[in-house]
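Chain naming follows the written order as A, B, C, D and E, and within any one chain the residues start at number 1.
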Amino acid sequence: MNIFHVEGSLVCTRRVDGLKNQSLRVLRDAFTGNLAVATDPVGARPGNRVFAVSGSAARYAMDDWKIYTDLTICGIIDLSDDEAD
Amino acid sequence: MNIFHVEGSLVCTRRVDGLKNQSLRVLRDAFTGNLAVATDPVGARPGNRVFAVSGSAARYAMDDWKIYTDLTICGIIDLSDDEAD
Amino acid sequence: MNIFHVEGSLVCTRRVDGLKNQSLRVLRDAFTGNLAVATDPVGARPGNRVFAVSGSAARYAMDDWKIYTDLTICGIIDLSDDEAD
Amino acid sequence: MNIFHVEGSLVCTRRVDGLKNQSLRVLRDAFTGNLAVATDPVGARPGNRVFAVSGSAARYAMDDWKIYTDLTICGIIDLSDDEAD
Amino acid sequence: MNIFHVEGSLVCTRRVDGLKNQSLRVLRDAFTGNLAVATDPVGARPGNRVFAVSGSAARYAMDDWKIYTDLTICGIIDLSDDEAD
């Protein structure tokens, strides 16, 4: 799972039915700086540092596996051990 | 899901049956600049900014999961929150 | 799906049964320049520009999904719209 | 499977149910230097060099395949042949 | 499928049951130079040039698909057409 910063939400008028009414987050990769779009079952907010799962596990991590995402936010990061040292 | 700009359509006389009669779009990755080929169930046009799903979810995002793609356009992006600020 | 140039065929005396008697093509990625090995159900020739599907869809795109490839040539590219302009 | 160094553990108060009560490790990729988050069925410790499996195999490598990870530590590396030479 | 050089074998005292008693090879990517760990059903030796399949196909390419690998050596490369020219 990779680490991202939440930039904001994504607005699009036309999209496939397979994403249902899920709100989408724009994430910035913490290492490459590239933006990506993710589904968000944990309610992350702009400024949060999160980790997200990719591939087929992204679908299973949603409450409804028929949401056809390939990137799902799994958790909001508080503090990792290596930062506490 | 990654973010792309639509460059145009792809024409090829010989192709596998597994893509059926789907039209194909040429996309330019918004960050690496590389071109990729995607199936398009939303009707995107050249110049549109879109996001697309990869992996096995790309097949499910089509109306017919037996279309053997690995990249499917999921939506046309209007405006993201971070741009509105 | 990514875009490649066909470099030639791959010869190997010892290989897993899971690729059966499929001939294999050596492809050069059109953007990174790296070589990759792909199965070829469309009959591409050296010098052709092709696009290829990766992941689990690569198996389905073969006539026989029990061919254990992760990269399959899907079509030979003639001309894309953005080049015709 | 890729090679990583274990940096520490990840603490997060809010996360998806799909990771259950698994502890999570922060890993540093041995080649790119990027951080990633992995599940750990082998009990690795900070400073260990490990290899980890990605994709759908990451779920199967856990005792419980319903843990929705995409990166699982598979083993602690002692010494590879090329280092012993 | 990508191209690698075999560097040696991997020794690790503690590892997940999902890899069973398979011996593991350390491979060097022919283009990036990064090391990776793969299962080997063809009996490759240090110095061999090989190609390997990734993703879910890596499991199917083993005799036993319950070996939870994401990279499996598929064949030893003798000579490709483009080198013979």
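Just so we're on the same page, a contact is a pair of C-beta atoms (placed from the backbone, for glycine too) under 8 Å apart; a residue touches a chain by one contact, two chains touch by 3 or more.
What you see is a predicted model, and the numbers here were worked out from it, not measured in a lab.
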Seminar exercise, completed: Copy-to-copy rotation (chain A on chain C, CA atoms, range 0 to 180, rounded to a multiple of 5 degrees) logged as 145
Problem set entry | Where chain B and chain E are represented by their mean Cα positions, the distance between them in whole Å | 32
Exercise. Just curious, how far off is chain C from chain B if you go by their C-alpha centres, in Å?
Worked result: 20
Exercise. What are the residues of chain B that contact at least two other chains?
Worked result: 32, 54-56, 58
Exercise. Could you give me the chain order round the ring, chain A to chain D and onward?
Worked result: A, D, E, C, B
Exercise. So in the complex, which bits of chain A are touching chain B?
Worked result: 7-16, 18-19, 26, 32, 34-38, 46, 54-56, 58-59, 66, 68-71
Problem set entry | Of all residues in chain E, those that touch chain C in their complex | 1-3, 30-32, 41-43, 51, 53-58, 60-61, 72-82, 85
